[in-house]
Amino acid sequence: MMMKKSWKKALTLLVVSSLTALALVGCGSSSSTDNKTTSDTGTKKTDTVSSATLDAIKKRDKLIAGVKFDTNLFGLKDPATGKVNGFDIDIAKALAKDILGDENKIEFKEVTSKTRIPMLDKGDIDVIIATMTINEERKKQVNFSDVYFKAGQSLLVKQGSPIKTVDDLKGKKVLAVKGATSVKNVKEKSPGVEVLEFDNYAEAFTALKSGKGDALTTDNAILMGMSQQDSSYVLTGGLFTDEPYGIASKHGEDEFTKYLNTFLKKINDNGDYAKIYKQWFKEDPKK
Amino acid sequence: MDFAGAFTAANLKYMMQGLGVTLEIAIWSIALSFLFGTLIAILRYARIPVLSQVLMAFVEMIRNLPLLLIIFFTFFAIPEVMNLNLTPIQAAIAALSIFEAAMISEIVRAGLNSIPKGQVEAARSSGLGYVQTLRHIVLPQALRKMVPPLVSQFISLIKDTTLTTVIAIEELLRSAQIVYSQKQDYVFPMLILAALTFFVINYALSLVAGRLERRFQV
Amino acid sequence: MIDFTILTTYQDEYLKGFMTTIEASLLGLVGSFIIGVIIAVFRISSVRPLRWFGTAYVEFLRNIPLLITVFVFYHGLPVLHINLSGFASGTLGLAVYTSAFIAEAIRAGINAVPKGQMEAGRSSGLTYIQTMRYVILPQAIKVVIPPLGNQFINLVKNSSILGVVAGLDLMYFGDTINSETFDVFSTYIFVGLFYLVLTIPLSLFVGYLERRLARAY
């Protein structure tokens, strides 16, 4: 009797949850096709439609930029002042000045490699200026501006580590960040390497320092920032990929991308870019 | 370990801001999950055909999934599927509220079911309506039994807010992370500080709950 | 539509994660049970310092987030030159955290048996251990089993915390698969289904036990 009852309950449960799942699948399928159609028409219409993103920024009188909060040199939150500082931050401020005439008409929201595309999609942020490498996979999801920073993947190890090149990584543990391109690259360059992925750079660097891996891999520029924070960690292995950074904005908003490219060209020509670059990297930008 | 270096006025102030975010998420989620949890429990108690089964399946599904997964799902997948724009904090509140509402609905349901059916029948036959019976007879008695499990659920919820670090919400633990990523010597002090902050809040809450419980028993 | 090719393409990752989740849950269960029993014994002990230690242990761990406990094991222990992997610190954190709840469940079970029975057992010539073994514990177990079952379900769900410290569990592989497929919806639906495969039968079993034990009274 008891058994019968619980079986009946189990059965109802199974049936109803599979129905719910089916309903969810239904929703998923219909809306994903919706998404596709809208983005298709979006790209077709670009010639006639003015940039919705740009209009929204102007109407709001504020640019909302998705940036890193835990990446020294690019976007690092200073607990003392509550401000975020870095190269990406200054590029974003220059963009705010270009659009709205005031570099302070800007709000920074923290993104990680994992959260940045969804946040852009949802409209939480207008642009991603967050050490984001331009690649084909991502171009299907976002629009990229021209390259505004040239990085390359490298390795960060403790001083005196036997790891000198990417080939020394075989059988070693390498730390990386979820959602970053560096994971795929290092697996390709050094088959047999064990990669451990973390949710953000703060966690990955803390894990390296507490001895959870033999090296940390990501773009050299980010690693330089870490090495600056703790000089007992140094870069090694040279650059084994090209990681051109771009400013990402909503997929299909080609007018806005054009605007961003004009902006980048403008700050390049008037010397603002070189100034920002020199401030953070203590050297002139490479041509 | 460098307690003095970690606990500078600036870092402590930053941690306080993190605590503010933690409390904001926790308070909203407690209110919303209590509201929805009670609603689900009452609807299930009323045994409305189909709706009751759907709610059961929903509650069972949510209760049996890790909260971390629900947070990711709410944050990443829901906006993709539905046309719903949530800020990260709203997504966190939504995820916590959905998960905890499922847990709370079970507590409320157990409380409601603990009231003998005879009382409901007696009240109904003495002329009270269904809602009136619920309002004046069942709920007041059930509430007393529900206080202790509800408070421990709220304590769970407050602890669970730390899981939102994974979607980069600057709550207490993420603030601690940002501070301790500067220097390895700060790791232990910052984790201890975060742990103690949670302990103080939750222990105080459990003491209040204990007092309430004793008062109800009189 | 849910993309089922993700499941086939990444079946190795899903299965590896699934097995790790089971492993962490079982180790966590055994560990938390052993620690939980010891702490429960401390809490009902007549030796004051033990009782204090037991109370402090339970109250402290119950009131701080699991993630912080795990971070202390993962990032904090290296200060003492103890370096644990993500899996080890995740599982250890899980066991320590859950043990506080298990200790409370066991204590509540033992306290549910009227004190008079201990006295009766002792005065009829049984030793303290014998009374515990033959009189108190068999009755306490009925009260203890349902909350223990619920703790185990929580433990399976909470094992997802391993994903945050690179513990190679289901959640972790969910994240890594997601960063390759970009299909958040499908990737996590499958992760969720794998968890439900574990937790739904467990829930039903605990519910069944609960009803059976309730009748046995």
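Letters A, B and C mark the chains in the order given here, with residues in each chain numbered from 1 onward.
Definition applied: contacts are C-beta pairs under 8 Å (C-beta built on N, C-alpha and C of every residue); 3 or more make two chains touch, one makes a residue touch a chain.
Note that the coordinates shown come from a computational prediction; the quantities given were computed from them, not determined experimentally.
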Most central chain, Cα average position: B
A-C or B-C - the one linked by more C-beta pairs in contact: B-C
Inter-centroid spacing, chain B versus chain A (mean Cα positions, whole Å): 31
Intercentroid distance (Cα basis), chain C paired with chain B, Å: 20
For chain A paired with chain C, centre-to-centre distance based on mean C-alpha positions, whole Å: 36
Contacts with 2+ other chains: residues of chain C: 75, 164, 175, 178, 184-185, 196, 200
Interface hub residues of chain A, defined as touching at least two other chains: 13, 17, 24, 28, 32, 118, 199, 203, 206, 210
Contacts with two or more other chains, residues of chain B listed in rising order: 60-61, 76, 80-81, 165-166, 180, 187
Chain B residues within the chain A interface of the complex: 8, 10-11, 13-14, 17, 53-54, 56-58, 60-61, 75-76, 79-83, 85-88, 165-168, 170, 175, 177-184, 187
Residue ranges of chain B touching chain C (in the complex, touch as defined): 1, 60-61, 63-69, 72-73, 76-77, 80-81, 155, 159-163, 165-166, 173, 180, 187-188, 191, 194-195, 198-199, 202-203, 206
Footprint of chain B on chain C - complex, ascending: 59-60, 62-69, 71-72, 75-76, 79, 153, 157-161, 163-164, 171, 174-175, 178, 184-185, 188, 191-192, 195-196, 199-200, 203
List of chain C residues in touch with chain A within their complex: 1-2, 74-75, 78, 83, 85-86, 164-166, 172, 175-176, 178-180, 182, 184-185, 189, 196, 200, 204, 207-208, 211-212, 215
Complex contacts: residues of chain A adjacent to chain B: 12-13, 16-17, 19-20, 24, 27-28, 31-32, 35, 69-70, 77, 79-82, 109-112, 115, 118-119, 121-124, 199-203, 205-206, 209-210, 229-230
